[in-house]
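Lettered A, B, C and D in written order, each chain numbered from 1.
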């Protein structure tokens, strides 16, 4: 695996710095576009890494996956009463679909859906407890207590979040949001501001590759059918209106964040995290997606492949 | 497997007749809603069946998968210049997206995309040759020469196809269709009118589960990466605006047709075909989808599952 | 004119109580659907009235016309940089168009446009001054100092205004709103809560029928070209997605409010105000619109008519 | 009036050649962008003209007004069952609205609505009779027998009309079109290809300014209420998504064509026709609209003006 990661690193080398760093908040804008990290957690729990795999970055929308996991555990299938599970066919922050469908977001991985999911996770508790619970979950899965919210980033998000406020108020009109709009938004902005390294992220997502259980300890993080369903939602909706492209090229459930991170899940095999701040036009890490494509081409871990290593000798 | 299919048959028994039979053409309208068939083709090429698995039905949109396979082989990646590969977020026959995106259909499995794909398959040949080639391909894969177009159904489709005509003329405006509109439509209507049984369909789709090769003969039907990509498009777009639901419940690439058939692909394992004429509100066989859900729950063949048989003892 | 108003009153008598009273805030919900008032102010400044023409009601969106008049005077044609002047082709509170057109509302008479116009009227002053200025203007035009904001209604509007909050935050994203969102909304909700009688309203709107001047005093309320342009915007956009119907039936620039009032302008002739709380499906007073149709049929005041009294002897 | 037209001519002189000539068919593409004509028909039936007012041009969409007049006479208010009368809020050839509203076009002046209106005019007759009737009507109103279809233009329209074919087939799906699609389209393309001069056009439209009657002969061309309603539809929908702008600037019911002509109606005063081939981005003659703005500013003929000549001394 170390060797394979070295090959991936070499393959993306000519592309380093591609894409456009998110610039809507200063904390993201000053990220170095030349950075690249990759980490893979396998069935044995060992995490292999390469490049800047130990450098924490803002996971941004990748947090939506973990919030979804906890919210599904907390409220069960009732969550789907207020959030759908279909691809949106539009941008991550589109409000058009909300109007057409009575304020119900298409899925939990677009902004509106993640705000609604965060609201469901808060329930009749408070935002701080919800975020504390999320951090505890991430730390336990990653087996690393250093994972935390970057409150500086959270404050920047809140300060520039007028479009998300618009989405939240729109849903409030339809009763999709139970808590005060600012309560839901505050928790939403904070979860997006969680900082993690590729290494931490790959380990934290490992339970999704093994039906909700940690493959080392055997401990159940979430119930098996929810794990599969989250993978399904990630594959179909994890990259907004670029999800088809990602599935086509990479062939794994994944979730991208505008911080440049991507978490990908290979069911039965492991979890892969990549990070490189330059984004393509849909907000997915350009070099990160390229690295995952290389990784899958070399491992044959695509969920659409018929053989354990189907490309061996085929290319 | 025989025993497992019997269990599925028993599980759907109380639901037989559910859904609404397509009624826009007489040939479909008179289908018996109580019919149900299922067939599974495995790595050894053996096809196991149950229920009405030998009765031919109109495969309708399932044909789009095979047309896509041949068109990709014929024109290669250039196909994606004129057809996208993203979920549409709208109904199978929506024209709204076409206007927003300069006449380029979102994917090859919605009507507009399939018409454009058919046009690409025709190329500078003629429609009859294209359909003859498609039938030859299906017969070879299914190892059954009886597969044919039901010309009566084709004529009915053509007679009621004003909406598809509208889609085709719209694309013609943008140069997405090269041939005469009626040429492309005629071939499109005829492919939709192909009649096959579950048994034939499962066997015909088997190459998609094995990276494009027949697992028995080892013969390459299509190149391996196209097989994966077709699976990807099926999983994300195979059931129009119900694709998320299908992925969530079944967890396999699949394609439904308004004749009540569904073809599902389990990479590395096999191909499953079900048929039952009653449709849900999105045009997918209601009992067929239920049967596939049961089948996957029993086999653990979901692409999102971590274990070979992950549900054993888990439920 | 008294006799003519009596005829109109008689004509609508069988329809009294038709329509559905707005029920989203208690203050409007308890309006008596049987109420009906009409008042006409002519070139001589005399106001003729009939029915409940002296009873104050919540003018709601009719206020948008006066806010537009003052905002145009204040910021001039620059207003059109942030608000368009095209019909919207959609509902009064639609957010879809905002997304399609970068946050710029289609016209100043839909909710989003009126919020943006209110924000422009506030400018770098404060909301209280803006509302005080609006009231002073209305009192001067109506020559009646009793006109005031119903603060109870304003508070109810604010409490239920999540959709308007969503619109405002959306525009804030695009810099269409300069002030704090709550500042603009507070002033917006208060202007909607102004209470006036038909008599006051007809007199207050008279300047619009005479190129911006009070026909009695000759005093200029607004510059002549703005008066014509406001009439134009009223005719094309005054009733949301029912504007075409109103123009077709009544043939006068008009603006409706969900309180059941309608102000109509007959250029060169006078201003007509009607009030009846029952609304049609588009939020326009059902009986009020009917009364205006009767009034125009009897007077020939349609802007589309060729003769002073074109229907005399024609019907 | 002669003097006034000379002033208008002088005012537009610096702008001659502005705009972009329609280039989708050769016959329009080769029009000289420097051409400009204007003609005004008054209550006395006398037509004053200036510039290239005697040169025939392709009236294109202006024909929709006359087709509407005849169709309303033929089928009465039933026409509104299949065509609406609201502004569309979108482009002249948009299909999005058709999908949202079950195939019913928003108004008779967008392409879809005009095709449906043409189909209604044909009724159970044939297309040739419908066009013959339209020509007879135009010749009678214009008192000029030379008005004819330019069959060369009609053939070009037909050859490039795939988008209109798409619209027509879409409506056919919903039963909005009764005749064969090609029958309705053929008549539609031919009416668009009628050639008229400004002088002919102004005279032909005069009945619309006088409640449906020829002001000289007193003869009824159409019933008075239809004349008003057509004016209403022209004012709200006559320039597609630029109607608000035209109403705001010119203040008269009008209809533009991509041939560069505009017909404007001043109720009670007269009809004005202008022609200049260069179009603005919405397909309205740039110089023509400017000329009308100048004309109305000098005559005060705006339907929104309070005084006979309100701008006198006001500018």
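Assume a contact is a pair of C-beta atoms (placed from the backbone, for glycine too) under 8 Å apart; a residue touches a chain by one contact, two chains touch by 3 or more.
All of these numbers come straight from a predicted model, not from anything done at the bench.
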Identity of the chain that, by mean CA position, is farthest from chain D: A
Mean-CA-position distance for chain D and chain C (Å): 31
Centre-to-centre distance between chain C and chain A (centres being mean Cα positions), rounded to whole Å: 48
Rounded Å distance, chain B centre to chain C centre (Cα mean): 55
For chain A, residues that touch 2 or more chains besides their own: none
Interchain contacts, given as pairs of chains that touch: A-B, A-C, B-D, C-D
Complex contact set, residues of chain C against chain D: 84-90, 97, 106-107, 209-211, 213, 215, 224, 227-229, 231-233, 235-237, 241-245, 247-248, 251, 253, 267-268, 302-308, 310-311, 314
Contact set on chain C toward chain A in their complex: 94-96, 98-100, 162-163, 165-170, 172-173, 181
